[in-house]
Each structure stands twice: as structure tokens, then as C-alpha cells.
């Protein structure tokens, strides 16, 4: 591996370990990627089926824009590599993270009929790139889950186009995607969404119904 | 200990420590085993009454197919060794894990009258061995708790026969059993079930009743 | 410090650190003790007002049967030393632990009008010393909180006499006390009660009322 | 950096790491400060936009009474430095901590119409500086959130004057501020408020309404 790839892989493995400890990547779920270079596109991608609490830097795969492995690995990139690639291209993202948390799973289902979760009025929103005030309204679209990855990638692309200001999206009963220009920004976005979804979910507990 | 046994014992101790940190093995509860060899059957088994947060590899016992200790230990194998042995024989499992979590305890009681918990439509299900889609329906049988271990082992065997596709089962107000061909697979299955039971339990909070 | 005292102090500091990480000893709350010798009675006792996540073995005080410091410390033993001493004498305990968790605080209030929490039918109860079956009924008495420590110690003594089978008690809106013949047993008992109180509290969430 | 500044910065970084692990400083939220000297006023202040789980001592900034950087840093002090300075001046605090937890966010909203959260009757209150009994009533004022920092600092000052006994305050849908004469005391106060807000929030879950 090049020094640059090693550095990227080390960063991704550290994020994976931290998120696994929080219970956001249990059971080998979720995946992580970071752009290594743009031309030609090369992504460091977590392999399929690996325990994220024990992900080692040397297990990160290098893939091309068609999700084919271009590093000397026997493994298999995550099934959802096509979604990562779509996000990278559509948003110009430098890193993409996907978590399966209890709260993102719950809210992805509760709000499915509305097409997304509307989050507004929280200071924490200010941590999203480009947001300057808690008076921001963030719409987190919910996309119906599917195992047809090329079709799902198309749907993700269409959703990103339809919601150009969105910093993430949910797959229904599946999980959260967010991204950033850097890995640190992507990690920050995930932490913010996880925090806000948990806050909204627990408020629903207390209020026993819809938030508004 | 042979090198192989040491390696297995080290792996089991690491899983025990991690699960204890998550609160799934509090108060010396729960137990863990892995097949060392098949002919004759030898299992590495956690001892009874040990703090799983401090389980050391050298404390793992070797037991035979009748749950008798065949290693040079003074200790006592877990009372539930007979259940582990039954699962190993019935499913051909390579490792068996048993956790006591708050959520598996709650759901094992709430769904007892239905004989099990029906879990469907979650992406996380795809992490169960052989499952290819979130459209899978997993039925997690609930068995009435008992202190008569030979009788309970019989009941476990009958339940496994009755539900050949099940990847785990619950003992009522007691805990979760799951298994896998390897320790890594068993750990993945436990994490998946714990995640899904927590997700369903918290959704029940919000909806204030049954899920459907 | 004698080697024996150092060993005991090291054990107590490790338990304190672990419980603090779980959120059971926040804000310098809670305290821990272990019998160093019986004749004359000497207790290793956590000092007052110390962050339990950073408790160092050399901070543990030695106190006598009247809660006077007999080690070369400037500090102040916990205000609740009299309660520890009472438990040691009444139960012949070797170690006493006192935690402030969110769940034990909530249930100590919710069940105050009944004089205690009745816990029955959970496998986890088997981890309490002398309990052989999940069919056990444990009554965890609730004592009204007070700042008059000698009076509270009397009340604790009377409660222990009234409930000779109890493995612990709650102080209302204050916290949990449990104990054991050894520190390991006391730790096990605390973990079991914390688990069961959380399980019952979360079940109350779902059922929206009393458990039975 | 002077030895004294280094020591302070090291302490702040350790608190930041611990609180981040508990989920109270996710997504680069929150901030921490400690008085380095009083005349002229110098504060060690966490920089803006940094992951608190990875805050390094050398990243702490020194600021003056107008929130201008006086250390050799390129960074930007937290936007909320003016609030820290106001608290230091108004309360004579030696350290100020600000957390964004799920529970403080929820309660800051639920009780906004009452102007604050009234907390009484909990033993944990005794950990607040100067409080001697659980019979204490603590009123935690709630201030409407704003991005106009000078105006918000004025409002904070007025609130502190109006509630001279308060050990902290909430910014609505934003977070908790508390402080102490030392960093240890400020940390203790935060842990106490976080504990009590979670306890009250979960009790609301169970009771399905107001606490009284």
C-alpha cells in the first residue's frame, strides 16, 4: 500500500472501531469509504462481512469507479459500494459512512410514510457543513430498502438530485448514510444525525406520538 | 493446553470481555463455548460463576459430550453446558454463545404467549448465515425457563427440530442463545439479535403496544 | 500500607472505575468498602468527594468500627461509612458497594409506597448468593432517604433484621446498597440488581403501568 | 506553553475525551474552558470545530477577556467563548463546561415554557457545591437559544443574576452549561446534572406526563 492509502485505511479503521463501540456497526453491518484519488477514481472501501470492531487497516480494499477491486486483495468489497460511489460522484464527497444504529433504524421506519425526517431547531444542526444557525431545517430523505444495488444506486442518485441540500439519507429499516469532504467531516455528520435521531426518538417516547 | 485450545480460549475470553462491556453478561451470567474437536467431541466451555469481564483464557474448561471436564481444572462447567452440547450436535455449530441482555430478557417475556418473536423486514437480518435479503422472516422461538437441565436440553433439541431455520432462541426471562460455524459467526449472530430485539423493544415504547 | 490493604484497595479502585464507566457512580457519588480484618474491625473505605473514575488505591482510607480514620490520611471517609459498618456487622459481609444509577433512582421512587421492589421469575436472580432457581422472589426494601446518618444506620439495621433474606436495599431517590462475602460477590450482586431494575423499568415503559 | 497551561490543557483534553465517550460532545459540539490567570484574565479554551474525542492538549487556545486569542494558534476559539467569559466573571468560576447530551436537549425543550427545570429531592443534588441535603431544590434556568453571541452573553448574565443560587443553565434545544471553582468541580456538576436530567426524562417516559 502507498503511504497515503495506509494513512486513509488507518483513519477508516479507527472510525469503524469507535462506531462499533457505540453500537452503530454491530454484526458486521455498515461500511466506510474514503477517496484516495479522483482521476482515475480510487476509493478505500471496507470489505464485506468483517467485524467493524476488529477492522484492520490492511483489510481496506481499493476499488475503482465500477466497484472492482484494484488492490491485491482476495476479499469482496461491500455490497453497497455502488451507493458509496454514487454519493462520491453526486456530492463530490471525500468520505462516505454508513451506520446501522437502533435509532436510525427506528426513525427510518416511523417516518417512511412522510418520505423523510424533518429535523429543525436544534443547535446540533450547526455542525452540518454550511449550516450557520439552529433555525435550519434539515430534511433527511428516506429511501425504500432494496437488494438490487444498481437500482438502489439509481434511486440514491435521484434522491440526492431531488434534495440537493441534504447532508444524508436513510434507507428504510436499514440505516443511515452521510458523507463529507473529509473523513472527519463525514464522522461529524454521522455523530450529529445519530444524536438528533436519538433525541427525536426519545422525545417521541415521552410525548407518545408525533413531535409537532 | 494445546496451542489450538489456547487460541480458542483466547478468542472466547475476548468475546466475553466485549459482551460484558455492553452489559450482556452482567453478574457472571451467560456462557460461551467453542468446538475444539469433533471426534471425540471436545468443547472449550466457560466455567460457572466467573465474572465475564475478567475471564482469562486459562479459565476455559475442556468438556466432553457429557459435559464432564476433561482438562486439569478444579472448576465447574456452566450449568447450561448440556444446552451448548445439544446445539452443537443438532446444528453442527462450531461455537455457541448465550447472553443475558436487558432487551432480550424483556422481549422473551413480552412475546412468550406467541411462542417466539417474529422479526422481519430489517436489513440487519442479512447478517444471519444464509439470509440474502431483508425480506426474510426470522422466527426466534421462546422456550419456558427451567432449572432441570436435562429436561431443558430435550426441549431445546425439540425446538431446534421444529424450527430448522432458526438462528437462535430465547429462554423466557432468561436470555438469548445463538451459534455459528465459527466463533466470529456466532458473535455476529448475537450482535444482530441484540440489535434487532432492542430496535423492536424501543419501537414498542414509542407505539405503546404491539408492532403490527 | 500493608500488602493486604494495597491488594484490597487496588480491587476497590478497579470496581469503582468500572462502575463509573457504566454511569453508576457519577459526580463523585456512591462508595465502596471491604473488610481488611475483623478483630479489631478495619474497613478499607472510599474517601468522600472523590471522582470514582479516577480513584487511586492509595486514596482508600482505613477506618475502624466507629468510622474513624486509622490510616495516615488527611481525607474524610464517606458520610455513609456508618451504613457500611452496619451492613458488615449485621450481615457478616466482606464487602459493601453503593451505586447511584439512573434506574435504581427511578425505581426507588416509583415503588416507595410499597416499601420495596419485588423481583421474581428472572434467571438473573440465580446469581444472588444462595439462590438456586429463577422462581425465587427477592424483595428489595426501600428506605426513606435522610441526612441523619446515625438515624439512617439504625433504620438500615432494622430493615436488615426485618428482611433477613434481602441481598440489598434501596435508599429512596438515592441509590442501591448490596454486599457480599467477597468483593467479587458484592460486585456480582450490584450488577444483578442494576440489570433487573433496568429490565423492570424498561418493561414499565412499554406496558405503561405496573408490571403485574 | 507554560507548565501551568500545559497542565490545564491536559486536564481539559481528558475531560473532553471522557464526555465524548459518553455521547455528551458528539459531532464537535460543546466546549470547555479553565481559568489560567485572573489578572489579566486568561482562559484556556477549546477550539471551534474539533472532535472532542481527539482533542489534544496543544490544541487548547489561550484567550483574553474579549475572547481574542493570545496564544500562538491559527485556530478559532469556540463561538461560545463569550458565554464562558460571562460565567467566569459573574460566578468567579475557575472552569466552565458545556455539553450537548440527548437528555439535556430533550428536557431543555420540554420545560421551556416553565422557564427552567425544577429538580428536587434527589440525593445526587448533594454533589452540587454548597448543597448539604437532598431536600434542596435546584432550579436550572432555560434560556432561549440564539446565534447572536453578544446578546446571548447578556441574557446569560441577566439569568445568572436572577438566579444567584443556580449551578448551571440550559440553552433551549442546545445544551447544558455548568461550572465550578476547579475543573474537577465543574466536571462533577455536569455529571450530576446529566444524571438528574436523564433520571427525570426516563421517569417522564414511564409516567407518560409531568413529574408532579
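The letters A, B, C and D name the chains in turn, as written, and every chain counts its residues from 1.
As a working rule, a residue touches a chain if its C-beta (ideal position, glycine included) is under 8 Å from a C-beta of that chain, and two chains touch if they have at least 3 such contacts.
Note that the structure is a prediction, hence the values are computed from the model and not measured.
Novice: Determine the set of chains touching chain B that also touch chain C.
Specialist: none
Novice: Report same or different for the chain A and chain D interface, where same means the shared residue numbers exceed half of all residue numbers found there.
Specialist: Chain A and chain D contact each other through largely non-matching residue numbers.
Novice: Specify the angle of rotation obtained when superposing chain A on chain B by their C-alpha atoms, rounded to a multiple of 5 degrees.
Specialist: 90
Novice: For chain A versus chain D, what separation do you get between their C-alpha means, in angstrom?
Specialist: Roughly 30 Å, centre to centre.
Novice: Would you kindly tell me how far, in whole Å, the mean C-alpha position of chain D lies from that of chain B?
Specialist: Using C-alpha averages as centres, the distance is 43 Å.
Novice: Going by the contact rule already set, what residues in chain A reach two or more other chains?
Specialist: Residues 205, 208 of chain A touch two or more partner chains.
Novice: Kindly provide every pair of chains that touch.
Specialist: A-B, A-D, B-C, C-D
Novice: Please name which positions on chain D make contact with chain C in the complex.
Specialist: 18, 22, 121-124, 127, 132-135, 184, 187-189, 191-192, 194-195, 198-199, 202-203, 205-206, 208
Novice: List the residues on chain D that touch chain A in their complex, please.
Specialist: Within the complex, chain D touches chain A at residues 23, 26-29, 51, 53, 100, 102-103, 105-106, 109-110, 145, 147, 171, 173-175, 201, 204-205, 208.
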